[in-house]
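The structures considered in this document are given below.
Paired with chain B in one complex and with chain C in the other, chain A is shared by the two complexes that follow.
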Partner chain A sequence: MRSVWRHGDEEENSEEEEMTVKIRFFARFRELLGTDIMTDVVAGTMFTSLITTIAKKNPEGYAAIFDEKDAFHEFVILMKNGKRIDIADAAKTPVADGDEIAVFPPVAGG
Partner chain B sequence: MIVIQTDDVDIGALILAAKKHGTGAVVVFDGVVRDDNITEMELEAYEEVATQELDKIAKNATEQFGLLHVDIIHRIGRLVVGENILIIIVAAGHREEAYAGSRFIIEAIKVGVPIWKKELTKDGGRWVLGEHGHGKPKPG
Partner chain C sequence: MSFGEEGQERLKKAHIFIAGAGGLGSPVSLYLAVAGVGTITIVDMDVIDQTNLNRQILHFDRDIGRKKTASAEEKLQEINQDITVNATDVKIDETNAADLVGEADGIVDAMDNYPTRYLLNEVAIAKEIPLFHGGIRGFYGQATTIIPGTTPCLKCIFPKAPPLEVFPVVGVTPGLIGMVQATEVLKYLLGIGELLMGRLFIWDGMQAKADEIRVERNPKCEACGDMVTKKKTARKKK
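This part shows the complex of A and B:
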């Protein structure tokens, strides 16, 4: 799956540098939203806004990840390039070209 | 051997290989698919990250309990009732360290390694709920 997403206010700015990031959902989130989604974004795109846009493609998927106030459910785990991102920091965490973004529910291995 | 794979392993061979010089105890943990009215279990991992986390857990256990050998084999894919899911083999000089190290490893896996289980039933399937404790980012 490949899609292009831009900030609404920046859509007409042809000088914006395009970047590609990979989004990986796991377990129930994967079933609802897919995985290994390659997405083009513009510079300045933040983690939360990117996931919000992707998740809105499936209302059930969105509800699995976000609450009624459009905030991440407290149990959702976020990673950028294999490193944990605190939910409180995600709205101000930019994504960059080549980043791998992962979003998943609580782990249950063993 | 720290690995995530679909294939099963020869536990007997691993026990033999774990008996390094100085070993006085080997503890084997074998987690298996329980018959909870399911047809199969499907396991999924964020493999790159999960393998890194298993490596860290093994290293921490080795340092904390003075272990002489650690194997962790976590299987993914579809497994039937009775099949091995997770094998942990720990060797140490004495039973106290071996038991403690094995327990440390399984509990750390339960809360911190990105692996998920789905129980498949005649009516569909259900994801096994994760344990609490992994909603907070790790320090540093």
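This part shows the complex of A and C:
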């Protein structure tokens, strides 16, 4: 949703300036949800809510990442711009324009 | 030969421990054997099943019902008579892991579960030897090289094990990831090239895309958090 609004010819950025974030899923998550998803978010969007919104597009994908209490499965790895985000911090970690988010499971087979 | 007689001699003197004689253990052990790694210890507890044969290329149709270790020892010894192969038929657990690894110069993680991987990680940390990690699922794979005290350990990267599952496998994926692991072993032993240190290599066979994710040590890691950070180079001690 476009949230930059205009007065006449002057553009004014609201508190809800639009930003684009790239989400990369890996392995099983990628099979279920795709990858390199470019999505527009408003300022103040948190990591968890962003992934929740994207994952809900496929119930199987959602169940692969989140448990029945809508929390990340404890084994899920979350990264923002190459830095690890603890699951406990994800709900209060904001995403910003240009961020690259990675979400992946440990791959276990041998 | 790209590393000369001296390099070959280094490989001959080396001892590599391979945990698992399955999908990853097969290609890793075969290529380390033909490269001339002097001593290969390979450990597995399983019997060969027909369903293994789509990927576990150490084992043939005629081996169904045999111990994987017996088959592995026979094949590796046949492919290179000049190396020593120790194959041990046992389940790796907390009581025997350190003894099994013994004086090996490095550990290849060719396991299919995280609890055992975490044990190998602890042994690698305690002995200060590298752990060459690999994992696969379907057309996806990952690999990294863990140098205790320098790179993140397995627990830094993957603090919690995923649930056990029966995962789909196609043989080409452990083939490819096993080659990444074996390449890392050779580079480490020879002291050449850039290891996958602090980098998680990720392979997506469906898209034919390789990625890498930077990974960092966790200062609060329960396995390696108290290790002092060492310099960023790694090579086998002569």
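Please note the rule applied: the second predicted complex is superposed on the first by the 91 of 110 C-alpha atoms of A that agree within 3 Å, B and C clash if a C-alpha of one lies under 4 Å from a C-alpha of the other, contacts with A are read in each partner's own complex, and residues count from 1 in each chain.
Simple rule for what comes next: a contact is a pair of C-beta atoms (placed from the backbone, for glycine too) under 8 Å apart; a residue touches a chain by one contact, two chains touch by 3 or more.
Quantities reported herein were computed from a predicted structural model and do not represent experimental measurements.
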item	value
Clash or fit (per the criteria above) of chain B with chain C on chain A	clash
Which of chain B and chain C A:I85 touches, first, second, both or neither	first
Touched partner set for A:E74, first chain B, second chain C, both or neither	both
First, second, both or neither for A:V107, with chain B first and chain C second	both
Touching partner for A:A27 - first (chain B), second (chain C), both, neither	both
Intersection of chain A interface sets (partners chain B, chain C)	24, 26-28, 30, 74-75, 77, 79, 82, 84, 102, 104-110
In the complex with chain A, residue positions of chain C that touch it	20, 22-25, 109-114, 134-138, 140-142, 157-158, 160-165, 167, 169, 174, 202, 204, 206, 211, 213-216, 218
Residues of chain B that touch chain A when the two form their complex	31, 43-46, 48-50, 52, 74, 85-86, 106, 109-118, 127-132, 134-135, 137-138
Of all residues in chain A, those that touch chain B in their complex	24, 26-28, 30, 74-75, 77, 79, 82, 84-86, 102, 104-110
Residue ranges of chain A touching chain C (in the complex, touch as defined)	24, 26-28, 30-31, 73-75, 77, 79, 82-84, 102, 104-110
